[in-house]
């Protein structure tokens, strides 16, 4: 099973450190009593105090984050500051209380018989691939906007880099690197922006290569309560938080832009 | 005139320091370009970030505070942590942005011919009396819950202290000290909790001693826009923020409890 | 703090708001702890309709100041799917089960009520009347006569508790509540979400796939409290109050305003065991001071 | 970004919401800067009634999640006092003056409209119809027929712009807006506050002196936007949109939803020059991208 059950309680951890990794922020916190998650699972996070009063008086709900690293009693996350929730988390001070719910959702599954994992990540989407690679070594093709963002590539091993502006690694899209590898007996594990995932989905399904995609979606709860996070599949809408976030590329009609 | 006009703009100052004064918190901030206020005037304060997300998702509106001290470009306030707004202000860190609007309202007036100021303060109500005393020296009768709160008495000169629990100064109410002075040719300047102010109002009006009371009231705007802060007077409701906060005891029907 | 609600014995006055806790998904996420430490004193199912529904196209969520707008659109397996697949699982819950149903015609509602009520697993029913009656064009729950006609039609079909869930998007919710009571409802619940809207921050087009949605959470708390107080003054049947409840103090306010029980919705998204926490906070308040006459 | 509103030329689309800026108190507090840097493109006065009113007993304010509940209760000097004392001062303002009036009977409203409209200082009128008609018992602004009858009565009394301010506490604000338009209103404005309530944290009794009040601020923004969109779709006269506007982006959303102008209320309490700031932010948005067809 690629799903560790979550304790039925939000837990109060403590922020230990926030530091920069290139253009991103890394948040370390304690997770007292939390179980070990499986790669691809995620947590709902909210700071215990002053969670609100940002742009448009938000954030109000917790926010979903893949974990970057886990060790007993401790979690690491990597954030991109895109709005009031990520901004507030990125500004957290050591010692602040943080609410943790998780691990949530279904993570990545082992590759099919005879296939080797090939990891494909874009931007902040590299996060779930880092613990996956630790469990299940394999080469990582990573794409970033520019060198500042590409600095996060150091969080993984066996990396081939590319950037949109050519300021680091190959100048171009990560899907170009992927295209060159689809004849190999691989299983693709991908996470990144919708347009990238959609390209991966098209390329892999056309070539018959299995691919597991870790999706994102706006979430209110993270545990299947609100039915807010759905994406369309060949089988109707599914909830990214309980049926995903990792879904088989072949089950999807399209990766929705958001 | 006991009213300095406020610049028609909220200004962004910077929190410089927050420290304890007994059971209270003192907040120092810059006030770029702000004019010199008159004793008894007040400011509406809100932190520029994370103003929200406390108990019941508040604070949302700015909060009213008398100033404790002013020097060009600089203001000092004294806070009692009673709810989400004062709590957030008390937790402000040096360098944080703070919105200032003011000085607002009408402050204390000079004493009537032949009368000497007698200052009567209770608890956090001593704040407006401190700059008043600096302008208009006179003895201060100050009442506090206990010794921890009474430490704030050090912010003023010529103080006779009393506490509810006898842990510092006279054991009893400040109005007992006042009663002993009402035969003198004084004008009373008082600020404190409603029950104290009501006692001062009764004692002084019965004895024909003039008294100026600095009132508090729940406020939304602080500049007469909302009509929310009214108290009843012999002449109907008046707005504490523009007609006060300093009102003549003889004009009031009663000091409303809140 | 045990409570009676329309003849149901509850361990405490806190239930979930329909559509804000999926016990089956919770079992997948949290395991059997959900059964062992169930946070609510009764479980109210998400609205079921006669035919299966996929729900509205995403995006379905928008966070607003102190609240949430959702345009979920009542996805559900339909009556048959619910009875076959969900009911047997929900029967494992340690608390009474209240099934929330909605139909687009009176006959649809009647079919739902009859089929659900005859199942032993079901302790009570909640009628969601926030939808337009496809025959009359009126919102079933915004017009007292429409509501009365609906309750008249379905009341004879079951002796089990029948609770009518009112919409707050009405000029006079108390008149609707009163009409429901006179037509035989055992209780009323309110508020459902308030109609709301948000635009895409970049494109300016409606953000939600369904264009508009319903606002819930702290933003509507004061509005909900006013409506609950107004309704409770008007009816004698029990009122289930809800809207923006985050703490025991908020639940206590609804009880003070005349509610017999309180439902917790959006706060569960922030804290999956909010129901139990709020019940405990409420019990502490009850211990601290004697609660008013109406409790 | 100059705007036309019911025939009035405005420098930008941002006006104040009635009852949330007292220009005379502002002059006492800020001095003549108020005239030199007036933040709104028109000034809408607080509601005036035929007779003077003291307003409701305090407390009148309660802060709620992202919002405010007020039970001010329309204190004002009455028609005669307003015309004698306030109008001459307000005539000094550098922008058009719109006077908001309310009456408890149709004849009261007619008296107010006739007396106010004949004054040259007055550019337009806003009818606050959120009060109960003391004769019919109905809320004048919640029922399309009541609203139509009122507008029919007063329309002939003036050629000046007549804007009807709608209540959001109605099942179908768009129907009311349409009725107002058909009866001759030159525009509609919405939303007024939503009915809300709060209890004293210690005693549990209603906090507000008037028991209930009206909710404003960000908490109602999404609800206001939905109602403005619905109304703008239904009427062809200009709509003044308001409710929880804090930024140019919020004003822009209301304009996108079909409003011709935007009123700022509660945000002015946080920032007395919010109107000017929001107008500037809106102009920036307009420069950044071409604004939609309706603008």
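To keep things simple, chains are lettered A, B, C and D as they appear, and every chain counts its residues starting from 1.
Going forward, contacts are C-beta pairs under 8 Å (C-beta built on N, C-alpha and C of every residue); 3 or more make two chains touch, one makes a residue touch a chain.
On a predicted model such as this, the values are computed, not experimentally measured, just so you know.
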item	value
Contact-richer chain pair (by C-beta pairs counted) among A-D and B-D	B-D
Distance from the mean Cα position of chain B to that of chain A, given in whole angstrom	52
Centroid spacing, where centroids are CA-atom means, of chain A and chain D in whole angstrom	47
Centre-of-Cα separation between chain C and chain A, whole angstrom	34
Overlap residues in chain A, where contacts from two or more other chains coincide	52, 56-57, 59-60
Shared interface positions of chain C, touching two or more other chains	64-67, 217-218
Chain contact graph, described as a line, ring, star, complete graph or other shape	complete
Residues on chain B engaged by chain C in the complex (per definition of touch)	56-57
Chain A contact footprint on chain B (complex, rising order)	49-54, 57, 59-60, 88
Footprint of chain B on chain D - complex, ascending	19-22, 24-26, 28-31, 33-34, 37, 46, 54-55, 58-68, 70, 72, 75, 217-218, 266, 268-273
Chain A residues touching chain C - in the complex, by the definition given at the top	3, 5-10, 46, 52, 56-62, 99, 101, 104-105, 217-221, 223-232, 236-237, 239, 242, 256, 258
Touching residues on chain D, where the partner in the complex is chain A	66, 218, 246-247
